[in-house]
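Have a look at these structures, which come just after this line.
Look at the two complexes coming up: chain A is in both, with chain B in one and chain C in the other.
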Partner chain A sequence: MNIFVNEQVLTIPVDCNIEQLLLLLESPLKGSAVAVNQHIISRSKWAEYTLNEGDQISLFQAIAGG
Partner chain B sequence: MLFNKMQSSDPLVIADKIFTSRLFTGTGKFNDQQTMIAALEASQSELVTMALKRIDMEHKDDDILAPLIKNGMNLLPNTSGARNAKEAIFAAQLAREALQTNWIKLEIHPDPKYLLPDPIETLKAAEFLARDGFVVLPYVHADPVLCKHLEAAGCAAVMPLGAPIGSNKGLKTIDFLQIIIEQANIPVIVDAGIGSPSHAALAMELGADAVLVNTAMAVAGDPVLMSEAFAKAVQAGRQAYLAGLAGQVSHAVASSPLTAFLQAG
Partner chain C sequence: MLTDPETLRYSRHLLLEDVGESGQSALKFAKVLIIGMGGLGSPAALYLAAAGVGTLVISDFDHLEVSNLQRQIAYQSSDLGTAKVTLMKQRLEALNPEVRVRSINTQMSESQLSMELILADLVLDCTDNMASRQMINRACVQACKPLIVGAAIRFEGQLMFFDHSKDDSACYHCLFPNSEEPALNCSNAGVLGPVVGTIGTLQALEALKYLVGLPSGINNKLKLFDAKTLEWQTFVINKDPKCPVCGQIK
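Now for the complex of A and B:
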């Protein structure tokens, strides 16, 4: 199925959850934050939050800054 | 040795954390991560700022977090990039998830040229975030009235600017910083514009509780050496403040006894 990650289309397996998505993207779990359809999903819910076709995922990461 | 003794007996307390160093640092603009870590170590800083960014799937950024956590740094995520209270609140909530901290440097600067903080949106966001359980450190103009409003809103500290971010111009707002320091019941951290160790020392002599420095260290010829210089300047400035500066007068006051012996004989 297709989802959008930071506006880019991505094909992922059905029943993929957020934690699996981050592993798929090789994104570090620490220092990341995820919003699905503009709702922030708490880290503790990542493994149980199953993504749906067409979901808009916003993926954020800590970077250097002042 | 004296410095160490002074530091340990003069801690800075913000919310639930105790700091022995009064120099806070940013992590931006360093040439590479190795230099950044070495500079932060030399600065003895215990609180570092960082930003949050929507990941560019094509060009991923380095993992900055791991080495900072390894060095035992306290993290202060910022809301840089937010143009209004709504965006800043969203950024703060994301940062809390990403970094697992409720500390937030609230900065809302809609104008990219001067990056001056929007006082109205900042106050709105601060009120919301403080109620939501955040430890809020807002970046603001050196506006004493605004700082009192932010204190009443429940902010843990205020971070008035000395000059625009990255300008290295020093304490252009000095008269207003003095009023803020005089009136505040929460820590005052001078942020932005500090371009040299002497600027940092001056802020501390005025009675600021801490300073936040980034650009002046990161883009120095030798960032590690400069960070060490800043650490010393902040300690010296604080020590001078605690010692009580001698007052200024407009005429000379002799430091040696004025005897008549040169004219004598």
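Now for the complex of A and C:
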């Protein structure tokens, strides 16, 4: 199925969860934040949150500078 | 009641239906703690002092370095080597003598911060590192104090508001549970001055709105700013019931 990650189309297996997506993308789990359809999904829910066709995923890092 | 000089000074606020005399009085009696007097804290502190926020407590333990001047617009080249809070206190008092400014020139411990929070109506996190951000968040959750968080690096900004006086408030830790320092910071990755200035200015804007009783458009939300395209993304942050910082509190 197709989802969008930071506005780029990506084909992923059905029943893929957020944690699996990050592993697939070789994206660091630490320091990352993930939003699905403009809602932040807490780190504690990544392994249980199954993605759906057409989901808009936003993946970004914490920044601390100021 | 405002004095005649105050009525003159704040006349552009008094013209605003949403501020008016009651809003200006609320600002006069407000106490705001601003932690970090760098690129975020510079515009935030200047705007809050200019607006007549009655008491500002400013905290930083750095001395001014020449590399700060590219973005920390409250300071001057002749100020190098002096403690930022000393400089900022002088600057704010010169800007608005009606405002009381207290400076904290140390890295606050969590217990010292908790004491400061008792006196504060609102906190602005204008710091530059993850350890401070996590500590400020914990302390504000515990003390039920509203927290406006800003951050910037390169061409990116992040802005969020958590009203910890509300039971359903999410917290910074719900969003960023990792306390390790991000690999990139302003010192090693750079930042353009107006990027950090934009975020600090918006922290001041949200602070003023909160203090005069206007609803925030970003409560429990994260705004991401892309300075290259000037586009903003908005994300809803729900309280994580399993959050070790705020999950068990309410």
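To be clear about the criterion, the second predicted complex is superposed on the first by the 64 of 66 C-alpha atoms of A that agree within 3 Å, B and C clash if a C-alpha of one lies under 4 Å from a C-alpha of the other, contacts with A are read in each partner's own complex, and residues count from 1 in each chain.
Here is the rule we go by: a residue touches a chain if its C-beta (ideal position, glycine included) is under 8 Å from a C-beta of that chain, and two chains touch if they have at least 3 such contacts.
Treat the numbers as computed from the prediction; the structure is a model and nothing was measured.
By the touch criterion defined above, A:11 reaches neither chain B nor chain C. With both structures placed on the common chain, the touch criterion links A:39 to chain C but leaves chain B unconnected. Chain A has more of its residues touched by B than by the other of chain B and chain C. In the superposition on chain A, A:61 makes contact with both chain B and chain C.
Contact with chain B, but none with chain C, is seen for A:27 once the two complexes are overlaid on the shared chain. Common to the chain B-facing and chain C-facing surfaces of chain A are residues 30-31, 33, 35, 40, 42-43, 58, 60-66.
Within the complex formed with chain B, the residues of chain A that make contact are 5-6, 8, 25, 27-28, 30-35, 40-43, 58-66. Partner chain A is touched in their complex by these residues of chain C: 36, 38-41, 126-130, 133, 150-153, 156, 158, 174-178, 180-182, 184-186, 189, 191, 196, 199-200, 222, 224, 233-238, 240, 242-243.
Contact residues on chain B toward chain A in their complex (touch as defined above): 26-30, 36, 49-57, 60-61, 63-66, 69, 75, 77-78, 80, 90, 93-95, 97-100, 165-166, 212, 214-215.
Against chain C, the residues of chain A that register as touching in their complex are 30-31, 33, 35, 38-40, 42-45, 58, 60-66.
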